[in-house]
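For reference, the structure I am asking about is given below.
Which chain is which? They are A, B, C and D, in the order written, and residues in each are numbered from 1.
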Amino acid sequence: MTDSSAILLAHCPDQPGLVRAVAGFIHDHGGNIIHFDQHVDSARNVFFMRAEWSLEDFTLPQGELAAALASRVTGPFEMNWQLWMNDQRPRLAILVSRDHHCLYDLLSRHEAGELAADIALVMSNHPDLGTAATRFNVPFFHLPVTAATKPAAEAAQLQVLRDHGVDTVVLARYMQVLSPTFVARYPDRIINIHHSFLPAFPGARPYHSAHARGVKIIGATSHYVTDELDEGPIIHQDVVKVTHKDSVADFIRKGRDLEKIVLSKAVWFHTRRRVLTYHNKTVVFD
Amino acid sequence: MTDSSAILLAHCPDQPGLVRAVAGFIHDHGGNIIHFDQHVDSARNVFFMRAEWSLEDFTLPQGELAAALASRVTGPFEMNWQLWMNDQRPRLAILVSRDHHCLYDLLSRHEAGELAADIALVMSNHPDLGTAATRFNVPFFHLPVTAATKPAAEAAQLQVLRDHGVDTVVLARYMQVLSPTFVARYPDRIINIHHSFLPAFPGARPYHSAHARGVKIIGATSHYVTDELDEGPIIHQDVVKVTHKDSVADFIRKGRDLEKIVLSKAVWFHTRRRVLTYHNKTVVFD
Amino acid sequence: MTDSSAILLAHCPDQPGLVRAVAGFIHDHGGNIIHFDQHVDSARNVFFMRAEWSLEDFTLPQGELAAALASRVTGPFEMNWQLWMNDQRPRLAILVSRDHHCLYDLLSRHEAGELAADIALVMSNHPDLGTAATRFNVPFFHLPVTAATKPAAEAAQLQVLRDHGVDTVVLARYMQVLSPTFVARYPDRIINIHHSFLPAFPGARPYHSAHARGVKIIGATSHYVTDELDEGPIIHQDVVKVTHKDSVADFIRKGRDLEKIVLSKAVWFHTRRRVLTYHNKTVVFD
Amino acid sequence: MTDSSAILLAHCPDQPGLVRAVAGFIHDHGGNIIHFDQHVDSARNVFFMRAEWSLEDFTLPQGELAAALASRVTGPFEMNWQLWMNDQRPRLAILVSRDHHCLYDLLSRHEAGELAADIALVMSNHPDLGTAATRFNVPFFHLPVTAATKPAAEAAQLQVLRDHGVDTVVLARYMQVLSPTFVARYPDRIINIHHSFLPAFPGARPYHSAHARGVKIIGATSHYVTDELDEGPIIHQDVVKVTHKDSVADFIRKGRDLEKIVLSKAVWFHTRRRVLTYHNKTVVFD
């Protein structure tokens, strides 16, 4: 039984009194702060914060919380803000093509209860991974995508997402580029895994490029998807050493281990409401 | 030109209103918070915090700050606390034996202005590293220590430290065990580097033990010195991979790179007032 | 279509002429060396080697290879040796208790064809993970083990292993200690994952111990099982950073990611015939 | 007392019999192999090797060794090869500008006898680091370089290098681009440290670029210098994690620790004759 808590994510121009205002609001209504993280980007004069407080003795009804916060804190300080209850579970759709390592990693974490989210469905432009989804009792949708059918296919995909109440899309080695129309529907809520240490080796076949260049370390990068390919805000990265002995196939094999861990960490941070985006970068309160 | 700021490090039993009380105090006197880090050890119900705020528009004179804090915040909440001005530079003594890698690393960082501390002196039980200290224009004291002379030698060491206003002692591969008497003079202010990934391989010749055990990773650990050898609160650790190809000599060579970086990081955290100790552990606000 | 190759793993007292003798033997019979790794432990004067050569133009029939090697090379040099064909796939049994992260990781790698081995069966002292094995079409055996029934239970386990032609046992978070009788049946062929950076924190509840000690890095260790608990030859280790913010639950969560990767790497090295053991240590030709 | 040994570095088209030919040559003349590393780039069908053997009982005089190798081994197999005696110490020139962290790291390693090389001189386009060199009793040359004087300045630099018998040039945060004429004089013998994880962020101000992009890991890369800026064969790379809390100044500070370790490792590999270059990549026998 996890206790009930509220989470406020916010950013605004920095000024004196911000911490006090938030902490005072929480305290005035009987809340006890569990986590309080703040960060000031002094170059841009922006204040970022994440506060989580227990609702056990909180005197404001949940239905009045947002309005009270807005009138007393986030409004006066002109905050860009999100308020979440810790029991609001994100509903995820996982989009895949043919590689299954990231998919299985997410499905098994989900089964273990690690993600604090529900996997509503798995969707693919290929039929291959239907078995994987079905094994874990997750609905699978096979929607082929070709250059010619892409607008219609994306419309169908979006309809499925809507029908299933999906609020976050995870691209778990999904090998199609999403259109700006699709991306605009899920701003800062589409998480991709790119199989390189961005900004090195964007685009296709990064392991081949890394091998040709003779790098001694390869990486993987999870990021929010924007209209610029592989240019969105980076959430998490990790790397592994390689040597001259490693072929492209070894890079791919070692890279798979990175990809699945890096993507799952990004999903974990996102579903725990620990990520803020700003100026194409992220603040990750870990 | 670094702006003037104040730093409060504190811990106390957790209870509602702590963040508000500190933030309110700072705000009431015109301070603007630069960093505010807090942590709650929920298993022990302890609240830890580090707040740094600008003194630019702060209305309380520095001479009255501690008393005001005590009466309004740290007293009522029964805090264990430290208050620092960011321009109060710690005065370090570096104790060494014969290995120079950690010493040179600290001396060159000091020369580059990285440490926010003054190296008051270097002291050794051997004469070998006098040249190193002198090259960097730091006073060097050679005080031999034998089993028979240890009490007298330590008394002489302590006298030198007092004479030079030393408040923090750095053991940069100093191969003598300090007596409880010595340790008691600098509680949580003696930083040691141990050449293993503690708690594995405490005591003498850890690289030999690690090699004999056949580990695939070796480490280094910086920690505050307590009466229990290699058992004090850990400040920082790092590791490096080794293989069957590495001899004990290779372990020692690779380990030197770890030791100097890990020790210097611990000194950096300490001199920036980022470390709290509690129950033989550290909270490091990085 | 992988080309056919032979792999020789050997160690013996070091002396001049060893590399020539092996390379000469291979060359005389038309083999082309694909990999040739050797290592000399100069402290112990032991020569270790792994040679892999193509059988495409090899003139010796496979049935005569071992005898020819023995008479010309491994006999005269008194080598301790193993000879494998690259298409001899190890048959694995995976023993588990209740945690599924290592099991799913191995099952999904197996499905992807990464392991160069067959998973013959999954066996557990609990029924919980039967579903996981069955999902991947791997036979599952539930054999309860209690203190009273342990000898009989182990006898039953060994019978199942024999019946299924198992040659390698993988303990994927199997929470029972194997008896010396069991261990003696699979010398250097039982691979365990221990959830700490050995030799730190052997035995039960290592994450709790690591948290209590306040370490800044946690690890996982895969090793061959011997009669001494958590004391066998280490195959692979890896680590991840932790901070004061991480609770024991966070250690466990972060540790799971380490455990599955570290165990799977050890299994990969083992099944690719890249590991030699000697004096309770491993030589891993990577 | 290090024993005398010979080192052969070579590459050639792969074919059967190469290992035997080299091992046979060494054995026929009474040498005992200490290290034998080989690697086959199967995509390009190239064989790479490094052999080191003891000269203790070697029957060929050193003066005849190269000719005998050429006629019996390297000639027939059309090898591109280098032969070194382990007591031939490379003579290094260290080129610097104003940052001293890499310089001090190399000077202190040199003093500790770690490098197996002699530092013949330090040269700079600025006078600032003369004190550092002089402290370690290494000759210092201040040769200013401007756009207008660059050809003349490089001619003067090259003259100094020749006069001091320098065979390897280390760019230890030297902020001038060398001309193709200069580079051509020291092919595969100019080692640079670039303060990014190449190929990400080549050119000027990589930490600023990395900060603007919002990466979660920064790196450093040591490589041989070629005519293409930051495009030469990579010798070694390493990385460190950063967070949203790190400013550009923090990136620079954390990066300094990487740069000095990564550069010194590259120098170590190079001076130990462990690096081969091929197709703008390196083979590093570690």
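In this text, a contact is a pair of C-beta atoms (placed from the backbone, for glycine too) under 8 Å apart; a residue touches a chain by one contact, two chains touch by 3 or more.
Computed from a predicted model, the values in this text were never measured in an experiment.
*Asks:* Can you tell me which chain lies farthest from subunit B, using the average of the Cα atoms as each chain's centre?
*Replies:* If we average the C-alpha coordinates per chain, C ends up farthest from subunit B.
*Asks:* Identify the chain pair with more contacting C-beta pairs: A-C or A-D.
*Replies:* So, comparing the two chain pairs, more contacts are at A-D.
*Asks:* Calculate how many whole Å lie between the centre of subunit A and the centre of subunit D, each centre taken as the average of the chain's C-alpha atoms.
*Replies:* 42
*Asks:* Using CA atom averages as chain centres, what separation in Å is found between subunit A and subunit C?
*Replies:* About 36 Å separates the centre of subunit A from that of subunit C.
*Asks:* Residues touching two or more other chains, restricted to subunit C: which are they?
*Replies:* In subunit C, residues 42, 245, 286 touch at least two other chains, as defined above.
*Asks:* Mind listing the subunit B positions that touch subunit D in their complex?
*Replies:* These residues of subunit B touch subunit D: 100-101, 104-105, 108, 111-112, 114, 135-136, 245, 253, 257, 261, 264, 286.
*Asks:* Write out the stretch or stretches of subunit D touching subunit A in their complex.
*Replies:* Subunit D residues touching subunit A: 39, 41-43, 48, 197-201, 213-217, 219, 233-239, 243-245, 247-248, 280-284, 286.
*Asks:* Would you mind writing out the residues of subunit B in touch with subunit A in their complex?
*Replies:* It is residues 14-20, 23-24, 26-27, 30-38, 40, 42, 241 of subunit B that touch subunit A.
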